[in-house]
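Same chain, two partners: chain A is paired with chain B first, then with chain C.
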Partner chain A sequence: MATMTYRDALNEALREEMDRDPDVFLMGEEVAEYDGAYKVSKGLLDVFGDQRVVDAPISELGFAGLGVGAAMAGLRPVIEFMTFNFAYLALDQIINNASKLCYMSGGQFKVPITFRGPNGPALQLGAQHSQACETYFLHAPGCKVVTPATPADAKGLLKASIRDDDPVAFMEGELLYNFKGEVPEEDDFVIPLGVADLKRVGSDVSIITHGKMVHVALQAADKLESEGIEAEVLDLRSIRPLDVDAILETVQKTNRVVYLEDSWPYAGAGAQVVSIIQEEAFDHLDAPVLRVTQADVPMPYAKNLEALAKPSVERVVGSCKKVLYR
Partner chain B sequence: MVTKVHMEALSPTMEEGQLVQWLKSEGDEISSGDILAEIETDKATMELVARGDGILRKIFLDAGGVSVVGAVIAVIAAADEDISGIEVSSDGNGTQQALPEESSAGTEPVAPEELEAAATPETTADTQGTDSVRASPLARRLATEMGVDLLTIKGSGPGGRVVKRDLEGAKTAISKAAATTTWTSEENEYEDLPTSQMRKSIAKRLVTSIGPVPTFYLTIEIDMNRVIGARESMNNMLEEDGYRISVNDIVLKAVAAALRQHPNCNAQWHDSFVRRFNAVHLGVAVAIDEGLITPVIRNAHAKGIMQIAAEVRELAGRARTKKLMPDEYTGSTFSVSNLGMFGIQEFTAIINPPEAGILAVGGIEETPVVVNGEVKVCPRMRITMSCDHRVIDGAQGARFLATLKSMLEEPTAILL
Partner chain C sequence: MAKAKTNTSSEAKTKDVLARHGVTAKIALELMQEMLLYRRFEEKAEESYAIGKIGGFCHLHIGQEAGAAGVIKVLQPEDYAISAYRSHTQAIAKGISPKAVMAELYGRVGGISSGKGGSMHVFGRDARFFGGHGIVGGQVPLATGIGWKIKYSGESLVCVCFMGDATVNQGGFHECLNMAAVWELPVIYVVENNEYGMGTAFDRVSKTEISTRSVPFDIPASSVNGQDVLSTFEHFHNLTEEVRGGGGPRLVELRTYRFRGHSMSDPVSGTYRSTEEVERHKEESDPIAILRDQLFAEDVLDQDTLEEMDATAKTISAEAADFADASPMPEPEALYENVWAETNAHGRLFFDGQRT
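The block that comes next holds the complex of A and B.
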C-alpha cells in the first residue's frame, strides 16, 4: 500500500489509463498548461503532449459536446469541469446527447465518455458554487454517477469509469483533494462500478451514504460507539448503478437506516434508496428510514447559516438515535 | 356539542365489553382521537377512542364494569353544556350498530350469529389482531414468526409503537418453551402463550357444542411385552431392597417423558392464553371409599421410576387414610387413571379441569395379534386419552400417544 492524496490518486489513474490506451485524452479548462484548477492533471501535458491533454475555452457546452462527438467516433474522452457547478451549462450535451445516444441509435453508438470534476459544498463559496449536483446526473437514465470518498476508491473507480462504454459523471469531493489514504500498489487496480463498500461494520444502525459524507458518517459512528451504539457505514461509491444487494443486506442486519448526503432532500439519491428499502425490505424495518441532507435552501454564504444548512456529525448521531428509539 | 361515549363493538362478535381502565378522568380535556379507555372484548383488550372534542364530563361505567355494546358509558361536552338529560342506556340503537362510522341509516341490523359466521378465524386474526396495533414492520413479521399476538405486547416506541426490542422478552419465553426436552430445575415452571384468534374461536364454538370442557377421545393399543420384561428385570434388581415396581409406575414415567416432548398436551386453557407447563406434575387417580382423589407426583419428568413408584405408594397409602395435605392433591398438570387392576379393558376418563388431558389406562390382556403374517399372542394394553379440544387438537393428541406407545414398546427410549 502506498499512502497518497486523493488528488495524486486521480492523477495516477489518468496517467495509467492514458498510458494504457492511446484513445484516452483529457480536455477541460486549464487542464494542460496550468495543471488543472485543482492540480489533478499535474505533469500530464509533459508526458502525453497537447494532442491528448487539451486546454478548452471557457465554453462547457462546447467542449462537452466535442467530447461526446469524439466518444461517438471511437475515442475515450475525459472531460474535466473546473467544478460540477459549471457542468449545468453542459447539461444538454450530458443528458440529451451523451446519456441517450446509445439508446436512440439502437446501440449503434457507444458514448464512452467520463465527465469529471469537483462536486459538493465547500466552505463559504455561496449558493452557486457550493452545492452537491449529483441529482441532475442521476435523474435521467443513461449516465452513470460515481462518487469516490477515499484515494483508493478515487483511483480504482476513475480507471473503471474511463473504461466504461457508457457516459459517467465522476464526481470528486472538492474538500477531499488533500485527503490522504492508502492505495493498493497493484499494477492495474480497478474497482468495478456498482459495488458498494462497507466502510465500517456495525450491528445497531446503518448509515448509508456516498461521496464526501462517508467521512461524516464515520465520525458519527465513532461518536455513537462511545455511547455503546455500533453503527455500520455503507459507502455506495456509485449511485448509478446502485448496489441494491448491499443496501438490503445491511438493512436486514441492523433493521434501521439513516441516509446521509450533502445534496438536497428533494428527489435526491437518498429518496431513491429509501424508496427501494421500503419496497424491498419493508418487513425488516424496525423504524422509519430517516435522511440527513443539506437543508432545502440554496447554500447560505454566512458562515453560521452555512453550518446549519449542511449535514453535521451531530445531526447524523441524532438521527441514528431516533431510529434506535433512544 | 355533546358527544355520548358508547360501548363500541370493537370486534365483530362482541356483545358486551368490560372496562379495563379509564385512561382519562372526569374533567380532562378531550380531543377527537384521544384514547379514552381500554376495553376487554371477547377477543382482546382494545382501545376506545374519543369521537368528539370537549371535557370528559361524566363517566357512567367504572373500571371492571361490564356494559352491553351500544350503552352510553360516558359523556364528552363543553364545560358549560347541560348534560343532565343523558342517562346510561343503550341509546335506542341496535346493539350492533353502536359504532357511528360503521352504522348507516337503512341497513338491517345484523344478527350477532351472522357476524360471527362471517368472521372466519383467518380474517379475524388479520383485521382484529394487528390493525389496531402500532408496530414496526419488523416487529409485525417477528410476532408472526414467533406466534405472538401483538395485542399482548406493550410497545415502547413513539405512540406506543411495538418495536423489535419489545419482542425480545417474548422471544426468550418462546425459545424456553421450545427447549422442553432438557431437564433443568432452573427453568420456568410454565409459560403463558397468548391465545390466537383462531384458538379463541375454536374454544368458543366447541364449548357451545360440548361444554364447558369440549372433550374428545383418542384410543391407542400398545404392545406391553417389553414393559413386562423390563419390569421383571428391574424387580429382580430391587428384590434385596424390598422395592416393587408396577407396570403403572413405568407408564407414569413414560407419560411424563412423552409430555416433555409434547408440551402442548401438558397445558391449561385460560381464555386469553394457554398455559403450557415445562414441568410435568402428574395426577394419579386413587380410588378411596368416598370416591376418588388424585395425589400429585411433582416434577415426574425429573424423577426415576423407583422414586415415582415409592411416591405413588406412599401418597396412595395416605390418600386411603385421608391424610393428604391439600398441596399434595392439587397443582397437577396432567392426570393418569388406571382401572386395569379391576379387569377393565378400556374406558374414558373425565378431564380434571383446568388440566387439558387425562389418560385412561386399561389392563394388559393376552390378545391375538397378526405379526408378520402370523397370529401371535401378545400382551396388549389400551390407553384412551381425553383431550380438551380448546388446547389440544386431534393430531397433537395423536402424536403424543404415538410417542407414548413407542416409549412403552421400547422402554429404553424413555431414557433418551
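The block that comes next holds the complex of A and C.
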C-alpha cells in the first residue's frame, strides 16, 4: 500500500493507461504546459509529448466533440473539463453523439471516451462554478457515470473508465484532490465499474452516497456513534452502472435509509435510488427514505449562506435520527 | 430533366471539357452513372415515403447529386466522410449498398444501421461513412476528431465533412475551424450551399459570403459550381492532394440547389421560394443534364447509352425498395441492443424495469 493524494492517484492512473495503450490521449484546457488547472496532469507532457497531452482552446463543445469523433475513429480519448460546470457547453456532443452513436448506428460505432474533471461545489466559487452535474450525464442512456471519493477508488476506477468501451463521465472533486489515502501498489490496480463499496459497516441506518459526500457521511457516522447509533455508509462509486444488489443488501440489513448527495433534490441520483428502493425493497423499509441534498437554490457566494446550502454533518445526523424516529 | 442543348456556341465551350478538367471519359461516365443512381434512388425514396413505407423525416438530395459524386468519388476507400441528414446519396457514393440504405429508410433489419437510425442516421463503418446526423452542425466536431485521429496515427488520409449553408452560423463550426487550423488537421469542410437553411435564405441570416467564414482562422477557402460535377471532381482532386499528408484543413463552398422541399413535409415551392425560381434551376442547373450535354458534345455518350444507364439506375433503385420491403422489422429484443458497447460484469445499466 502506498499513501498518496487523490490527485496523485489520478495522475498515476493516467500515466499507466497512457503507457499501456498508445491510443489513449488527454485533451483539455491547461492540461499540458500548466500541468492541469488542478495539477492532475502534472508531468504528463514531459513523458508523453504534445500529441498525447494536448492544450485545447476554450471550446468545450468543439473539443468534446473532437474527442467523440476520434473515439469513433478508433482512439481512446480522455477529455478533461476544467470543471463539469463547463461541460454543459458540450452536452449536445455528449448526449446526442457520444451517448447515442452506438445505438443509432446499429452497433457499428463504439465511443470509448472518458470525460473527466472536478464536479460539485468547492468553496465560495459562486453559482456557476458549484454545480454537481451528475444528473445531466445519468439521464440519457448511453453514458456511464463514476464518482470516486478516495485515492484508491480514483485510481482503480479511472483505469477502468478509460478501458470501458462506452462514454464515461468520471466525476472528481476539487476538495478531494489533496485528500490522502492508501492505494494498492499492485501492478495493474483496476476497480470494475458497477461495484459499490461499504465504507463503514453498521446496523442501525444506511447512509447511501457517492462522491465527496462519502466523507461527510463518515463524519456523520462518527457523530452518530457517539450517540449509540451505528450507521452503515455505502459508497456507490459508480452510479451508472449501479450496484443495485449492494443497495438492496444494506436496506435489508438496516431497514432505514438516508441518501446523501451534493446535487439538487429534483431528479438527482438520489431520487433514482429512492425509486429503486421503494419499488424493490418496500417491505424492508421501516421508515420513508430521506434525502439530504444541496438546498434547492443556486449556490450563493456568502460563506455562511454557502454553508447553509451544502449538505452538512448536522443535516445528515438529523435525517438519520428522523428515520430512526428518535 | 431539361432537354439536351444543341446550341453551337456552348458546344465550343464544352468541347475538350474532359481534358480541361483532367477527367477521363471513363471517370466521367462513372460519375454520370452515379448521379443517375442517386437521382432515381431519391425518387424511389420519395415514392416510398408517400405510400407510408418511410416515416418521420426524409430529406432528399435531388438536384445536388454532383456534390455527392464529384466529391466522394475523388476519395480513396480509406478516407472518411461524414455528413448531416441529407445524406442518402453520400452514403451510397461512399460505398454503402443502395439496398442497405433503403432498408434503413424503411426501418428494417437489413438497414445499414439495423433499422435503429432511419433516414438521418445512415452509418457505414466499413465504408468509413460516419453518418448521418440530425443536429445541425453536430457532425462538424466529429469530423474534426476524425481528422485528429488521422494526424495522430500518422496516416495519409483525409476526412470530408458535408454540411448545409445554415450550419456556418453554429458556434461549434467556428470552434472546429479554429482547432483544425491550429492543429493542421486533414479535414475538408464542405458547405453545400443550396441557398436556404430550411426555409430561410442564407443572405437573411448572414452579412457575408460563406467563404469568408474561414478567414479568421487562416484556412484557405474556395467556392465551386456544385452543379458541374466535372468542375467539382477536378477541384476536389486537387484539394485532397493538398490536404493529404499535411496541408491542413480547407473550407469549400459548393454552390448548389435542391429541387425538392427541405424535407418531405415541405412543399417544393410557393412559400419561401417561388415556383419560377425552382423551375428555372431545374431547367438550367440540373447536374445530370449539364454533364449529359458535356458528354454528348465530347462524343463519349449518346442518348441510347444514357437511357441504358438510366434504366440501370432505376432497376437498382427498384431492387433496393423491394429488398427493403422484404426485410423484416427488428425483433423486440433489438430495442435494448447496442445502447451500451460494453455490458459491465457488475451493476445495472437499464432502469425502466423491463431489463436489468
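Heads up, the rule we're going with is that the second predicted complex is superposed on the first by the 326 of 326 C-alpha atoms of A that agree within 3 Å, B and C clash if a C-alpha of one lies under 4 Å from a C-alpha of the other, contacts with A are read in each partner's own complex, and residues count from 1 in each chain.
The rule is simple: a contact is a pair of C-beta atoms (placed from the backbone, for glycine too) under 8 Å apart; a residue touches a chain by one contact, two chains touch by 3 or more.
Please read these numbers as outputs of a predicted model, since none were measured by experiment.
Contact comparison for chain A: of chain B and chain C, C touches the greater number of residues. Using the contact criterion defined above for the overlaid structures, shared-chain residue A:Tyr325 touches chain B, although it does not reach chain C. After overlaying the two complexes on the shared chain, residue contacts for A:Asp166 are found with chain C alone; chain B is out of touch. Touch criterion met: A:Asp243 reaches chain C, while chain B stays clear of it. Looking at the shared chain after the overlay, A:Asn255 reaches chain B, while chain C stays out of its contact range. With both structures placed on the common chain, the touch criterion links A:Leu285 to chain B but leaves chain C unconnected.
Within the superposed three-chain model, A:Val68 lies in touch with chain C and out of touch with chain B [touch as defined at top]. On chain A, the positions that touch chain C within their shared complex are 25, 51, 56-57, 59, 61-75, 77, 92-93, 96-97, 101-112, 141-142, 144, 164-166, 192-195, 238, 240-244, 272, 276, 279. Within the complex formed with chain A, the residues of chain C that make contact are 80, 82, 111-117, 121, 123-125, 130-135, 138, 140-150, 152-153, 171-172, 175-176, 178-179, 182, 337-342, 344-351, 353, 356. Interface of chain B with chain A (complex): residues 136-141, 156-158, 163-165.
For chain A in complex with chain B, the touching residues are 255, 282-287, 325.
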